[in-house]
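Two complexes come next, and they have one chain in common, subunit A, joined by subunit B in the first and subunit C in the second.
Coming up: the complex of A and B.
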């Protein structure tokens, strides 16, 4: 994925105008395990949302496999997200009326996988994430760590090309944060899924193979 | 897409069971009340029509030309035996009643009223309209020597007479002479048809023929048919065959009944609109609150790849499923109410006088028709779909990121 001259301005031409991103140029290769880092307000979440197609850049291009994502319609972008991108949010964002099993299989259902395939994948991920015993529980019956593991399982269930994780460890204790990172790392290595974090958590940064540091909406370091 | 949307809608409804139950119950109660009202309205009109058909005109009535306009005995139907042979050959006719009527003055020693004296055959009237079932007091019989008469209940009340009272009826006979006839009251009829109850006295046909000096004659022949849908074609057949007679359908003789039916249809429509609005507002409120509460949930779904169409479909299905459950429960309840009121009826004895003036009995019976349930289904489904339009519009404006980040709502 190549980002060229990406800028994002909120409330343009108004007294409240905020330049969240300024001329970002980065390339993320397949199979990377990278982190967008920076202080609060540096633009890392905005950049993550733009990469995931949740927000449109004010200017610039995002090219993935030769396709410019900024030219896609809302419905096409929605379909693209469904097929190629998995999200892990800071606040887990599980669907409250679905149990764990149904939450994990949700995206696969939208993609019309067969029930057998969905069940097999849920079983596989549940074992990997050690959540077999909570499959029939609802989100409000789970701890934060359990919810985040379920959210991660949902994100990877359909084997997307890219997982975007926005501050995934922010609400977790160190033990659960470690467990989540291990799981994402395993998926990255076993299934060659590209993982991109937006985080300033030390532990996440230590685990990342590449760190892109943003400050005031610009990339100031890429190592 | 449909399967997933349906599963989500179903789960969403069942995991918010209290709210869903309230809406379903609201739809069900409104609907069952509506079905009951519709059945009662129709039942009232059907009762009035049936009573009129049974006690007077049948589906079709034959009169001599100009009789209905002039009410003069010179316009009478004669050669009845020959006419009976013709009627017997028409397969659409179930039965008929031959009557000879004259208007005149009915009097006791103290009071007198205008009334209609009718010569009838009790046997014919039993077969024709089960007139014997309208007997209120006394016996359905003219006595061994045909000395008795049957009288309408209100007329008897107005004359302040009872069983065994002697009455004198005076009127002009076919020769233009004033004539009088006396009889005792052997039975009192309460039909619900004001024309009978308020102003009619029934005596044997033979006695009436002698009184009016009109043998083998009639002023009205009322017909009952096997199939109500054959009334119009039969009217044409009779008009062609019996050129000297006027042939009227019941709705031509009693246009008021048709107006009454139209009025009841209007009441039905108004009830439908009220229930429709109540149901629509109920579902609208619940769906709106449900969507506002779940903006985050929908935003997450949009963020992870569900389309707006998918979510719209889910919301519509939620409304539809609630409507369907409400309809099913409401139909069952309504069916039960209808069955009860159709067989046992609702006793409104307190309003008897008022109901009687409309030709109704004190016990109201409901009608039951399959189309009630079809119409109700259409109304409930339409209400549920219409009520989800505004919530759907709100959904269209969702900005998932702002909601997930807590910047909206």
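Coming up: the complex of A and C.
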């Protein structure tokens, strides 16, 4: 994925105008395990949202497999997200009316996978994340750590090309944060899924193979 | 998947779902029963007007209905009688001669409609005989006997056995005058009719008015009342050019129009109530959707298109609305049917609304499955549309805006 001259301005031409991103140029290769880092307000979540198609840039291009994502319609972008991107959010964001099993299989069902395939994948991920015993529980019956593992399982279930994780460890204790990072790293290594974090958590940064540091909407370091 | 998620969302917010369900159910039942009563009262008024005297159909010379004068009489009633005798669709028919004359009793004189009827035939064509309240009904051999409307008798201060003078104009433009004895008094409940009508045996009236073998019109009744319009159309094809067959809708066009206007006002009145219900359901939908904004944002982030969100939210609403409207339609139909079979008795109703043609102290519904079907469809459509605006508004928000929503 190549990002060229990406800028994002909120409330343009108004007194409230905020330049959140300024001329970002980065390339993320397949199978990377990278982190967008920086202080609060540096623009890392905005950049992650733009990469995930949740937000549109004010200018610039995002090229993936020759396709410029910024030219896609809302409908096409939604479909692209469904097929190619998995999200792990800071606030877990599980669907409250669905149980753990249904949450994990949710995207696979939307993609019309067969029941057998879905069940097998849920079983495989539940074992990997040690959540077999909570599959029939609902989100409000789970701890924060359990919810984040379920959210991670949902994100990877359909084997997307890219997983975007926004501050995934922010609400977790160190043990759960470690467990989550291990799981994502395993998936990255085993299934060659590209993982991109937005985080300033030291532990996440230590685990990352690449760190892109943002400050005031611009990339100041890429190592 | 969408259906299952929609169902789970409905069950997750039970309070709001039950309120929406009940509102929609209540609206449907009310609408169906209201319309059934409104139509019922109209059917009752029209049916009374038709069956008491006017009849389901007439044959007259073209122009008679507008002029109602001697220049538009049927000149050869016997030939029309022969023609009608060959009509297999007709159950009964009879000639009538109508004129206006002065009726006098002692010092009181009142202008009235005088109807010449063949008493034995009228039994099957109108409710004149069954409306008798005093004395006896006319018979085919009566000569100087008059059958008076109850309110006309009151105005004339006449009672059974009293001699009433009739002064009118015969067909040769001479004065026609005779004395008639009050043989019977009738009360149909139609106030105007009861206070302005008197009937005598047509055979005798013809000798007085020089109207032998003439008639103002023939009153008709077909084997099946519901076939009236079809049979009237068919009769019009067969009649000589100077005659026309008219249905009760033509004969009572003013009343039919009045009922239509009344229906329109009835629908307008209840539509104000529905507008309120529409907005209440819309507000409930609005609140329901906005409390779930974050979930909707999440679904968008996970790959739901705005179209899929629309389908999901509309599906949820439709499940609630369709089930409540369907159950409401069944309850409304049952209530309408019950009051169709068992009219509500309201003592004094006929007296209070006598000017409007109400002749009995009860109100019945008109149980018409087609009307109920249309009513149901209208409510379903209206209630379904109430969610359109909230869905439109939520889909206007961007994914990140909805995700941030708390």
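The criterion applied here is as follows: the second predicted complex is superposed on the first by the 223 of 223 C-alpha atoms of A that agree within 3 Å, B and C clash if a C-alpha of one lies under 4 Å from a C-alpha of the other, contacts with A are read in each partner's own complex, and residues count from 1 in each chain.
The definition used in the following text is that a residue touches a chain if its C-beta (ideal position, glycine included) is under 8 Å from a C-beta of that chain, and two chains touch if they have at least 3 such contacts.
What you see is a predicted model; the values in this text were computed from it and never measured.
Novice: Superpose on subunit A as described above, then tell me if subunit B and subunit C fit or clash.
Specialist: Result for subunit B and subunit C: clash.
Novice: First (subunit B), second (subunit C), both or neither: which does A:218 touch?
Specialist: After superposition on chain A, A:218 lies in contact with neither partner.
Novice: Answer with first, second, both or neither: which of subunit B and subunit C does A:82 touch in the superposed model?
Specialist: Once the two structures are laid over each other on A, A:82 reaches both partners.
Novice: For A:110 in the superposed arrangement: first (subunit B), second (subunit C), both or neither?
Specialist: both
Novice: In the overlay, answer first, second, both or neither for which of subunit B and subunit C A:72 touches.
Specialist: So A:72 meets neither subunit B nor subunit C here.
Novice: Which chain makes contact with more of the residues of subunit A, subunit B or else subunit C?
Specialist: B
Novice: Looking at the overlay, what does A:135 touch: subunit B (first), subunit C (second), both, or neither?
Specialist: neither
Novice: Between 4-12, 148-156 or 202-210, which run of subunit B pushes into subunit C after the superposition?
Specialist: The stretch that clashes with subunit C is 4-12.
Novice: Once the two structures are fitted together, what part of subunit A is touched by subunit B and by subunit C alike?
Specialist: The overlap between the subunit B and subunit C interfaces on subunit A comprises residues 49, 52, 54-55, 74-75, 78-79, 81-83, 87, 89, 93, 95-98, 106-107, 109-110.
Novice: Touching subunit A in the complex: which residues of subunit B?
Specialist: Within the complex, subunit B touches subunit A at residues 1, 3-4, 7-8, 11-12, 15-16, 296-297, 300-310, 400-401, 404-405.
Novice: Touching subunit B in the complex: which residues of subunit A?
Specialist: Residue positions touching the partner: 45, 49, 52, 54-55, 74-75, 78-79, 81-83, 85-87, 89, 91, 93-98, 102, 106-107, 109-110, 138, 154-155.
Novice: Which residues of subunit A touch subunit C in the complex?
Specialist: 49, 52, 54-55, 74-75, 78-79, 81-83, 87, 89, 93, 95-98, 106-107, 109-110
Novice: What residues on subunit C touch subunit A, complex-wise?
Specialist: Touch list, subunit C to subunit A: 1, 5, 8-9, 11-12, 294-295, 298-308, 398-400, 403.
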